[in-house]
């Protein structure tokens, strides 16, 4: 029996994800300081805390409106690259949620795909550019191949989480094309991209939450 | 962390409020972190902005002959589109609005989105992207060069053109021409501290300076032993001159402090840079020495050259009453 | 020590040369470390000066509507009488010269001696002594209060009066009136480094600030735990208000940075100070936020209040084209 | 047989004194940093080095002209309090040297007395104000009382040196009336005045040099 995630469930997930991000400030800040401007953790932490503070309001919205509200909020509160990229991707995701009451496994795939497309279009980014996309892109691929292979839902969720995580780790070897690391002489080679780490955390947390609801 | 602040989360709003309080010529929109000119006039509107922490950029450049609105983001983070849209609306006097954007992915994405959204409300909008930092190789593949202190010259010249009644197309053209003729190069000697992080992002050993560090504290292209002022001037100036041929031309020179470097040192650096330019037959039309585009309390400096022609010279010399850029 | 300098012994001369290079309106006399206005006019001449390390003081205040000559000493040391005499000669346009001296024993001894010697050459000379620092109790027995950032207001107001054609007596009178109505108070969070010494004179623990530190880095009157901006504003402002009654009056406000503190923090401090003044029914006529009287790279700030009357207001608002004080 | 110090000898003394000051930078700087602005050693060191660089020129001048030149140079090169105080005192001393070829013991006494008077007049200072005067004043007193007591020249010189040194040390207990220490809440009590230390060094070195010439 597959998971069914309502707006309220999604807000619970946001709460859960916010705690994961909050815990890892030192590490993520150090990653962004190594090749960027050191604010990525602050940005994400501020944005997620803002969403948590809006939990009442958000959980009462329809799925579509909630997604849109999350997007507008992240864009406005976070700013920077992460704000507009997450913000835009949530607004894109809101469109595929139109008329839906809950997120099920298929809709989850559609949401991730919509987000991926929006981020790629926003600033003409591709996988391999050493960005958050390098966590999101393989996650979507994993969803598709796992589906095709007829994996069980929990296995599928685990596969997505793992793909995001590995994708993030793989950014260490990449030369940056987007993001601040591209200003470095060495294009940030040797350093993991901070945006890919938070993206992998958020995807991982979402998979965990869905798995929990699967029981 | 020793800073004169209250809650680290409130630095931007309190700073803008503090800016607005001594300044009768501007309006402050707290919900949008926007500072705009009080006096309205039928002319092209100019909007700039970006992350905070670069003071006096950008609010200090709002005034007659420069910007119409400045939009502030969080420290080192581009403002989101909603704020930028507010800036556009305030700057719009019916003749269209030019956005002056520094070349950072975050800034571009946010300003572009704001432009799209504001255009739906029938505002005519154009933008230019400043990329003056020669530390970074220019590239069409990656994001390419950053926009740094040279941006202030773009504000000034586009601002003068708009004040003089130029059309949106004309103002954009002269802004782009300015951008094409600006080159900057910076170095840093100590880190800055994000108020929210509370400790320096990196440390530089006692004898080390970092060449080409970004104004957001992004690591530079090279760490080298710190030289004397003459050596530093040579490194920065030569890098600029290798990138563009300034020999025989007239220039505007900016020696910009990053926030923690005292004016005494900026004047000493200016002395060395000016001597190099003299020796290469580059004529200095005007010199600006001071903190124009900073990185919180970072110590260090950047050098900017703008190649002038008659029109640019006239526009640069036109009066401006922006609080942080008097001509 | 990380500084953009060459030989530590040459910082003053190279700094002044670097200042002179970007500035077509002044003349620089290298043998005397004097900067003077190029444009001469039959009016009372104004001379100020003191140790270097306080940039933009004093050279940055030479210009129409402010000083006629600035005399620089070594870092933190008053210039000797020979230099001051040169400054007097350059400032003298036949209507007499007013010396604006900060109340330090060294400054007073050197300026007084210079006055005596220059008077032998038939220049009419008067002087005023600025003592605005309320950190130090006033005293007729000892040297008494120091002169700090408030000095800039004295330059401005006496300069405007001289520009307007006031006689030496009138200019002196309004300068003295200004001095009588100025109070300042400062705090510091980190030390400065004398170029010749190469390391900080002291260290302040991570959570400690020093109240009432002098602009030469002299220890303050109290070390306390660093407060937030609101607390710092309260401490500085209250100390001033305890010393002189400003309630119900109109004031000029200066929030001055000591050199290493970013503008962001000065604006935040200005916000807090302005709120306190508002709450006490003290009307702010004009606000100045920036690095006006610094101590090399020291971090910290001072607050200055000047009680205005109609004449002082008019003189403060009169135009000035000094490079570091535009009105 | 008493010492006879020519201009050339005096310049040698300046050389000797410059080395003594040069060696003690850390200590003197620390003293001025504790209650003042930390530049006193730099000031003295710069001034004396300048004089050393002028040794040829100085040693060829008459005693009076040399003293005057030293005074003008210190005033101009050092600046600050020390510059004008030493400068003025040397100019005052030059007057008592008029027509003299050498400094003998009596002239030394006159010179010190002239210096003391000039420094006291310059800014209305008195002994006990925690300044360089607190080394110079007792040195002059020692000269007088030693003379009155009929001390032998070397004993007299030793007494002067000791008086200057003790005078300097006694400033620790004083509340400052002049100099930067007077801005302190505690008026610098507990700290030795840096100007008194360099004054004691200079007087001590002068006594040493005269003693050497006494042989």
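Here the chain labels run A, B, C and D in written order, and each chain numbers its own residues starting at 1.
The rule we apply is simple: a contact is a pair of C-beta atoms (placed from the backbone, for glycine too) under 8 Å apart; a residue touches a chain by one contact, two chains touch by 3 or more.
Computed from a predicted model, the values in this text were never measured in an experiment.
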Third chains touching both chain C and chain B: none
Chain whose average C-alpha position is farthest from chain B's own: D
Rounded Å distance, chain C centre to chain D centre (Cα mean): 32
Geometric centre distance via CA averages, chain D-chain B, whole Å: 54
Sequence positions of chain C contacting 2 or more other chains: none
Residues of chain D touching at least two other chains: none
Touch-based graph of the chains, sorted into line, ring, star, complete or other: line
Chains that touch, pairwise: A-B, B-C, C-D
Residue numbers on chain B that touch chain C, as the complex places them: 2-7, 11, 14-19, 21-23, 52-53, 55-56, 60, 189-190, 206, 209, 226, 228-230, 232, 253, 259-272, 274, 284, 286-289, 291, 294, 296-297, 299, 301, 326
Chain C - residues contacting chain D, complex: 9, 51, 73-83, 104-106, 108-110, 113, 133, 135-136, 139, 141-143, 146, 194, 196-197, 201-202, 214, 216-219, 221-222
Complex interface listing, chain D residues touching chain C: 29, 33-39, 41-43, 46, 72, 75-85, 87-88, 122-123, 176-180, 182-185, 187
